[in-house]
Structure formats: structure tokens, C-alpha cells
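We call the chains A, B, C and D, going by the order they appear; numbering starts again at 1 in every chain.
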Amino acid sequence: MKQSLDVETLNTMVVEAKKYTKEGVVADYIPALGEANPETLSIAIYRGKGDCIAAGNIREKFTLQSISKVITLAVALMDHGEEYVFSKVGMEPTGDPFNSIAKLESNVPSKPLNPMINAGALAVTNMIIGETIDEKLGRILSLVHEMTCNPEITYCERVAKSELDTAFLNRSLCYFMKQHGVVKGVVEELLNLYTKQCAIQVDCYDLAKLGYVIANDGKNPNTERQIIPLHIARILKTFMVTCGMYNSSGEFAIKVGIPAKSGVSGAIMGSVPHGIGVGIYGPALDDRGNSVAGMKLLESLSSRYDLSIF
Amino acid sequence: MKQSLDVETLNTMVVEAKKYTKEGVVADYIPALGEANPETLSIAIYRGKGDCIAAGNIREKFTLQSISKVITLAVALMDHGEEYVFSKVGMEPTGDPFNSIAKLESNVPSKPLNPMINAGALAVTNMIIGETIDEKLGRILSLVHEMTCNPEITYCERVAKSELDTAFLNRSLCYFMKQHGVVKGVVEELLNLYTKQCAIQVDCYDLAKLGYVIANDGKNPNTERQIIPLHIARILKTFMVTCGMYNSSGEFAIKVGIPAKSGVSGAIMGSVPHGIGVGIYGPALDDRGNSVAGMKLLESLSSRYDLSIF
Amino acid sequence: MKQSLDVETLNTMVVEAKKYTKEGVVADYIPALGEANPETLSIAIYRGKGDCIAAGNIREKFTLQSISKVITLAVALMDHGEEYVFSKVGMEPTGDPFNSIAKLESNVPSKPLNPMINAGALAVTNMIIGETIDEKLGRILSLVHEMTCNPEITYCERVAKSELDTAFLNRSLCYFMKQHGVVKGVVEELLNLYTKQCAIQVDCYDLAKLGYVIANDGKNPNTERQIIPLHIARILKTFMVTCGMYNSSGEFAIKVGIPAKSGVSGAIMGSVPHGIGVGIYGPALDDRGNSVAGMKLLESLSSRYDLSIF
Amino acid sequence: MKQSLDVETLNTMVVEAKKYTKEGVVADYIPALGEANPETLSIAIYRGKGDCIAAGNIREKFTLQSISKVITLAVALMDHGEEYVFSKVGMEPTGDPFNSIAKLESNVPSKPLNPMINAGALAVTNMIIGETIDEKLGRILSLVHEMTCNPEITYCERVAKSELDTAFLNRSLCYFMKQHGVVKGVVEELLNLYTKQCAIQVDCYDLAKLGYVIANDGKNPNTERQIIPLHIARILKTFMVTCGMYNSSGEFAIKVGIPAKSGVSGAIMGSVPHGIGVGIYGPALDDRGNSVAGMKLLESLSSRYDLSIF
């Protein structure tokens, strides 16, 4: 990245991108998310060894939502290896919406197409090793703590509860997969764990560090210790490119070209290979569930500093 | 019906049809159903005012399974009227399997295509008026009692329990419909009621009388009292023709032409308009879920006695 | 049918039903059809041996369109027998639109669900025996002549041409089926024949007689000669009930209960089993392609004279 | 790329990968392709300024097939710009097969999901500017000539003819899109052009240079002249990653991570960003249409020389 990416420039870019917040709306299908301020936009960029620049209120907290799918996939891959994980969940992007059930029925045997759609993410969460929900969640949180060097991170009970109460579609997906042997055990426990994982609460600074570890081939941002094996970090980046931005993944890859994963909280985690982690929070979403202003911000970053991997 | 349909003829026809039991297999997706004897075949034909002929062990009991969808639809139509019921559930046959979820997703707004597929039947059961599961079930059973003049009929707890434990696909359908506002209330209670309704236990004689009331425009087989209004009895017969035999409904209408509804227990209820009720039990099923020998028996009855409505 | 169905009553019913013409629109996807007068509504009822009553301008001509599917199916069944015909085309109704291609792809091996949707009708027309298009069409027309006792009936070249020029969707269906071996030979010749068959031009009186022969188990309206074998006439009536009115077939069966087939010209042919043929023309269509006022007229006929087969 | 990639190493790698040819079969749906020798495997790697290493019979000719979709997309984007092209064809990967028609029907308005599936590629070819088929093809060939510095390249008439004769599925897709206004003009002319484009005949050396120009941000391999604008070269690479390897694109991105496009002739073009073009020919295909041994060769190249973009 060129020298000129300093705080002033970043501030200017946030101001420019902020006007796009008006084109989106805050997610309201999870009641607790509906309270977010749609005009918010903040970003942190982490470049390793403590080098972080930021703009906006980067200490504002939000939940990971679908971004947690990337973290949980890392845990499952470390727990079970690629062969097992991808015997249950595919590796292919899909043109269907993230919460679609149709392909689970039309594909025989039933198999979620990839770990970034809800069906696939639920199947991955179902693989996390642990005796209890708390132990499983603890293992996911441990990885988050290690990646961010922030042991304080936990989940927001209120959001998790709100999501669990209304997760009828995810229940439908789970029971469908249980029928077909894709998920095992008690569905309510799986949903309990899944909604807690989605409700892990971070700020932009934490998120940038999560993105940094993935960008940096799995190494700790400070100590350079290998937290996630290199080949798994690569798998995560690949899914972020092919399926990270819901049904705009293809367009985003073309226009921005930065591996990224978004969540319906309005968060986006970006991982520029070999060196930059990005954490964005802008809760006004487009009709596909991505932060409108967040995507614009990444687009202008990519074009100004030539960050596309293509 | 011609004079010649007597017990001897019926016995001969059952013997002939019985060889087809070898072409089917007993349903095993509900464990308690898997215990049935696949070679069984029995039939009762009720022609009103006590005139009943039968062949095979017509006192053997079995559960209604999908045949209960017809009874519950009658209750819902009497409770709410056609306009309300058909605002939630369609009237059109479908080429999809009875337990398919795809159309619930692709049709916007989500609406089960008809009350004979599982999604539609669950939505209809969800309409039954009552404070408790017991009260709702009681109202369904009351209609069964009145139609059969047999107040002893109840449901089989073991089958209901077995079905409830494994009804993952129906749970999936329910939660999907709950997400879209097609069903309301607590899903587990709905499934509890639905599996009990499916587990209502009858014999061929009872089943023939159920079919007779529908054939006889809703009138009591003995007293001629109007149990179900004429126009509702007609609706039931129509659905039995267009969607009564799962994905063989069209073929069955062509080859047999008798309004009929089958269940995965191997039961078939037939209603020859204006006068004949048929109850058949033959648990060996074809790959679409219909009693193989039962269908053959109805086919030879229809062709020998010219019973097709077409 | 009760005595009271006389011309005056019929005229009154037409006047009442005519107001529904305002709720529909004339088909315009085939340019030549777009010129019809949407306010038209006429009906002929044929009861055999020359007994015909009518209302409206029953000598106005229109094209059969999808009604021709019933006639062609009769020819194909007489040419090849049921086993062959139904090895290529199914017998099951479908919840998909009449021109849908999705099921041809998702069903393996590819097979149109029934002969009343476009894919199935094209496959049936492809079976008609003959050296040339003219010879094949001649055989279809011969049956029409015999059924109506009207040897003057032919097709409208202008409508056929207009339809052939714009039949892109039917071409798509044909080539898809050619890929999968469901249709054989030159697609353009098949479409040429199919659009001519659809453009066969009749009036309400002719149409009532076509419906009468089917209602009357295949016998000539005057001579009682068996034009179509009884079992084939029954098959036709069955398809008219389960799939005759596009995606309203189920609702129509419930509300009206008369075997009927509609066409996008606004025509409806009705066949009340054992004795009445109905020919209706009312080109204002609902969004599913059925004559709005025509359906209302059949509904009031059915309820007033108790014509439902159920 | 490390020094050690020399001809000897490459030869060894080809020998190792060659055993996988036994796991595939030659495409036979296009008759002329069925004659290829399934045991063939050859590769050329172009690193600019004449630096090329190769193994196997790299002068053997084969047709581009689906690889031509990338070239034609470049022409269309240069002709019309991104906004127009992507108003007709989407940018999203799909989990459906490359020749699927279902999404064209279920997505309203109808729009092919991306330019790498057949529907999308046909729509793109339909955009190529020119008065005649020859002129349009000439413009595609011109780009190929310029990219390869080989003005001799033309198409194979025999393969084009063979493909045109049997392209029923592509005809079906075209007519479906014509119905919905996605393609314009005469379908047979479009297919004529499309099958010729697919039949453009190259060798591995040519193919490596095609891949090199795309890898090298659109610049001529010798002169460094900008043949394709940078942002378009990037779009091509992106589609190669998200949809280049049919329904294995996601898996290939994870396992190999090199932007690549395959064709059913058994060819694969690879473009390692910023510097390497790869041309592979190995006609034994897996069940998704990709060269089995070709993919293995790319996988071992990528892992040995760390070529993944992720």
C-alpha cells in the first residue's frame, strides 16, 4: 500500500462514502439489530505490529453475524481437516440467496453448497468439538481472542436471544439437514450455539485484526505466531472471494477484488493478502444484506491503492 | 353398482390383487409403521344403511396417516369457511413430491399449493379451533366418530410418538411456514397435534364408512343426517381426485377414476360419488407411497363395475 | 339437466356473466389474437341429436389454441395406444405454469408432466402419424370434422403464421426436448404443425359438439357412431379435470366440477359426462389465461343445474 | 516463480499428472471432439518476452470451446463497456450446471447469472459488433491474433459444423432468451457464430500466450502494448476464479488458486497474475467437464511454486 494512506485521507474517504448510508436500511429481521444508527460508518485498517489507522467511531461495538462463519470454519477445519469438513459442506458458490433451502432439496444427496450460506454455516457449527454449548462457544471465542489479542471479546446475550427467538428459517434449514443426516444432535442446541456465535461482539479495531490474521496467512498480528495454518487461511480467503458478500460476491470481486466477508449487522471484514486487515461498520444495508457505504469505502480503497488481488 | 358385487367376487378380486403386495415395501421412515405385515390386503365396501361387504381381515387396525388430511380439511372448512382456508392454502395440484419444500420458497408469497401435500395439511391442522391440543384433536375425532358411528376410535399413542420423534422434515416445513406467516403458534404443538391426527386408528370397515359419508354428499351412513355440508363434501372429493394419491393422482384418475386418498400406512379411502365408500388396507407401498395391491384392487373394481366418475 | 335450461335462461346468464369480461384482457402475446373484442361472450350447449341452445353471437369464429391439445391427444392415443404415449408424456398435473421449462430439466429423465402443458402437447403433436405436415394436420382436422359433422373447419393461416413467428418459448421447449430425445425430427416442422393445430378455427356451435363427443364417451352426436374409443374419451375428460384450465384447474374443479379445456383465444370447451357439450367464447382472459366471463358462465351453469361430477 | 521451474521439472510433472488421464473420458456430446486421444497431456508456460517452457506435444491443435467465452467477453466489454454488458448478463457465480436453463426461468426478469455459463456466453456473443457472422468472428479472431502474435489462428470448420448440428440445448437457451429480450436477431446466426468461436483452433503455446496477456494486465507478450484495457483484464481474471472451471470453480480456487478457464476439448488456460500464462491440453475430462490431468498439473504447479493468488 502506498505511503499516502494516512488518517487524513481515510477520514476524507469515510466522509465521501458516508453519503451512501442513505441508500441502505438497517436489518430489522433480527429485532435487536434494528436499533442501529443507519448513518454510522467507521473503519479500521491494521497493517501489523501495531500499525493501525482508523476513521469514525471505531470503538462502537457490533456483532459479527455472518462474519463469524469464517471464524467457525477455521475452527472446524483445524478440528477435523478439509476432507471431513468438505464431505459435509461443498466448496462451490451459488446464485441462490444465503438463506435458500431449495438446493438442499434438489441436490441428492443433500449437501449445502458452501460454508458461507446459512445451511453450510449451520452444518459447520454443528462440527465444532465440545461437550457443551459453552465449551464449543469457548473454543470459537478463544480463536477470536488469539486473533485479536483481545481476551475481553464475548457475545451479546440480547442479540443472541433476539435472534434465537426469531430464527425460524434457520430452524427450518437445520431440521431439513437433520432429516438428511447433514447435521446431528439436538437442533435447538445447534441454533443456540449458532446465534451466540453470530452475536460475538467486536469493534472495528478487533475486526481489522481478525482480517489481518487471515490476510497474513494465519499469523498473529504481533507475535507472527501461526494461529491458523497457512493452507486454512488460504481457504478462508478463497471463500471470502467466491462467496463472502452474499449474492453480490461476484460483482464485489470484480469491482473491489479484496477478499471480504460481510454480516447483516453492517460489518465487513477485509483481508488484503500479505498484509492488510480491514474492519468496517456501517449498518445501512443494500437489498442483498451488505453494508452499502462499507462496500463503497472498500471500492474506493481498492481503486486508490490498487488492492485488488486480480 | 351391478348386482354381481358380492362377497365371493370380492374375495376373488382380493386374491388376485394380493400378488401385487410383493411389488411394494412397507414404509419404514416412521419406525412404528415398519412392523406391518406386507402381505396383508383387506377391503370393506359400504353401500349405506348397513350394507357392507368385505374381504380379508377387515378388523385389523391401522392408522389414517395422510387420509386424515381429508378429515381435518373438512373440520377447517366447517370452522372457517372456504374463503379463509383457501387464502392460506391453495387449490392446485402439484407435480412435486408430497413433502417438498421448494415451492414454499419459490412461490411469493409463500403458500402451500394444496391441502393434500404435507405443507398444506400442516397449515390446515394449524387452523383447527380449540384451546388445547386435546380439544383440537377431540374435535377431529368427533367428526370421525360421527362419520363412522364408532365412538371408540382414537389415536395410537405409539405411532404418534414414533412419528413425532422423527418428523424432521415436517418440522422444517412448519418453521419455514412460520417464518412466512403461513402457520402461527408453537410449532411443536402443531406437530404434536398433526402426528396424533395421522395416528388415528381405524379398521377397513370404519374407513369405508368415512369414504361413504364423503361419497354420499356428507350425509350420515345410517341416519342420512348431514354431517358435512354438501359443498364441502364435494371439495373433499375433488381434492381426492386431483391430489389424493400423491404423485400418482393423475395416473390414478385416468386408470381408476374413483375419488380416493391414500396414506403411508397402506390405507386407501375411496368415495364413489352418490353411494359407495371403500376402505382398503395393504401396507406394501410403491415408490410414491401408495398401497400397490390396494390400487390394483380399486382399478379392477372400477373397471369391472364401471365406477369411474369420468 | 333440468327442464328449465332454455334459451331465455341462457341469455340471462350470459348477460349476467358478461360484466366479468371487464376484469380480463385479450391475449396479446400472439399478435393476431390481440384484435379480438374483449366484450364478446357467447355460448352453445349441445345435448345430442340436434338439440342445441345458444346465446350470443355463436357464429363468430375463433381459434382452438390449447383446446386443440385434447383433440391431438385423442389422435395420438388412437395412433399409438396409451402405453407408448404415456412413456413419453406423463399423466400428472403440475403446479408450474403451462409454458414452464424448469421441470423438463429437473426431472431425470426429462419428461413433460402431462399433455396439457405446452411441452407435453408438443411431444404429443410430434407423435402424429403422417408423411408431411399437411397429412398430419389433415388427420387432426379429420377427427374435428367427424366430431363436429362440419367438414368445412380448417385452420386460420394468419393466426398460425403470427404464432409461428413469435413462438420462441415453444421453440425453446422443443429444442430442449430434442436434446433429451423426447421429440424427434425437425423442430421447425413440429412447430409449423403445432401452430396450425392451435389455429384451427371453429365457432361455439362446433366447439359444443367437440365437447359433446367427449362427454358422450366418444360417440358421434348424431349417429351415435363411436368416433373415439370409450377409454380414450375418459382419459380426455380426466385430463380436462386435472389440467384443463391451466393453473386454475384445481380451483375450477372445486368451484365448477365440469371437465373443461380452455385456450388463450378465450374459448372453453366443456364436457359434462353422459350428455352435454359446451362451447364458450369470451376472449377477455384472467392472468392465468382462462376466459374470465367464460368461467363465470360455467360456474353459474354448474351450480344452477347441478352439473359437477363430484 | 522460482528459478527451478525448468523443462526437466515440467516434464517430470507432466509424467506424474499423466496417470490421471485414465480417470477421465473424452467429451462425446460433440461428435468431432470424441476422436481425441484421452492419454494426451501437454503444457506450455509463457513468462513473457519469448520465455516459454513446455512439455508434451505442444504443437497438437485443439479447439478453445468454453475458453472462447473469456475472449469474447473481452471483445464485448471493449465494444460496449461494463455497464451495458452487465445489464444483460450478471456477475455472480452459480451452483447450477453450465448449460442449465432453470434460473433463466426463475429469475425475473430473465438474466443469465454470468458470462461463463452457456446462456451468458451466448448473450455476450450476441453483442459482438459486426454486419455479418464473418465480420463478427473476424473481430474475435483479430483479438486472438494480437494476443498470441499468431495471425494464422482460425476456427476448425469440422468441429464448428459438428457442434452446430447438435447444439439443441444451446438453441433452447437462445430461444428462451429471445423470448425474454435477452438476445436479439436470428438465433441460427448467433449459434453459427458461437459454434465457430468455440471451434477456434490453437495449440498449447498459443493458449499460454492468451493466458499471459490476461495475466499481464492486458499487455502484449512481446511489445508490452496494451491490447486489453487493465480493468477488463482484471474482470476476466475474476470470472476465471469465480466461474472458470464449471461446477468445480470453488474447489479449484481453494486447491489451486490460479485464475483459469477450461473447455470441453480438454484445454485449460491459466493466468497467474502479473506474469505467467499457462496453456494445457488433456482431453480426458471429469464429470464436470474439466481436464482431469490438466487440473492435477495446475494443482502441483501451484503448490510447488506457490502460485495461488490467495
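Definition applied: contacts are C-beta pairs under 8 Å (C-beta built on N, C-alpha and C of every residue); 3 or more make two chains touch, one makes a residue touch a chain.
These numbers were taken from a predicted model, which means no experiment stands behind them.
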Chains touching both chain A and chain B, listed by label: none
Where chain B and chain D are represented by their mean Cα positions, the distance between them in whole Å: 55
Centre-to-centre distance between chain D and chain A (centres being mean Cα positions), rounded to whole Å: 32
Averaged-CA centre spacing for the pair chain D and chain C, given as whole angstrom: 48
Residues within chain A bordering two or more other chains: 106
Arrangement of touching chains [line / ring / star / complete / other]: ring
Residues of chain B that touch chain A when the two form their complex: 100-102, 105-106, 168-169, 171-176, 178-179, 187
Contact set on chain B toward chain C in their complex: 90-96, 103, 113-114, 234-235, 237-239, 241-243, 247-251, 253-254, 257, 259, 273, 308-310
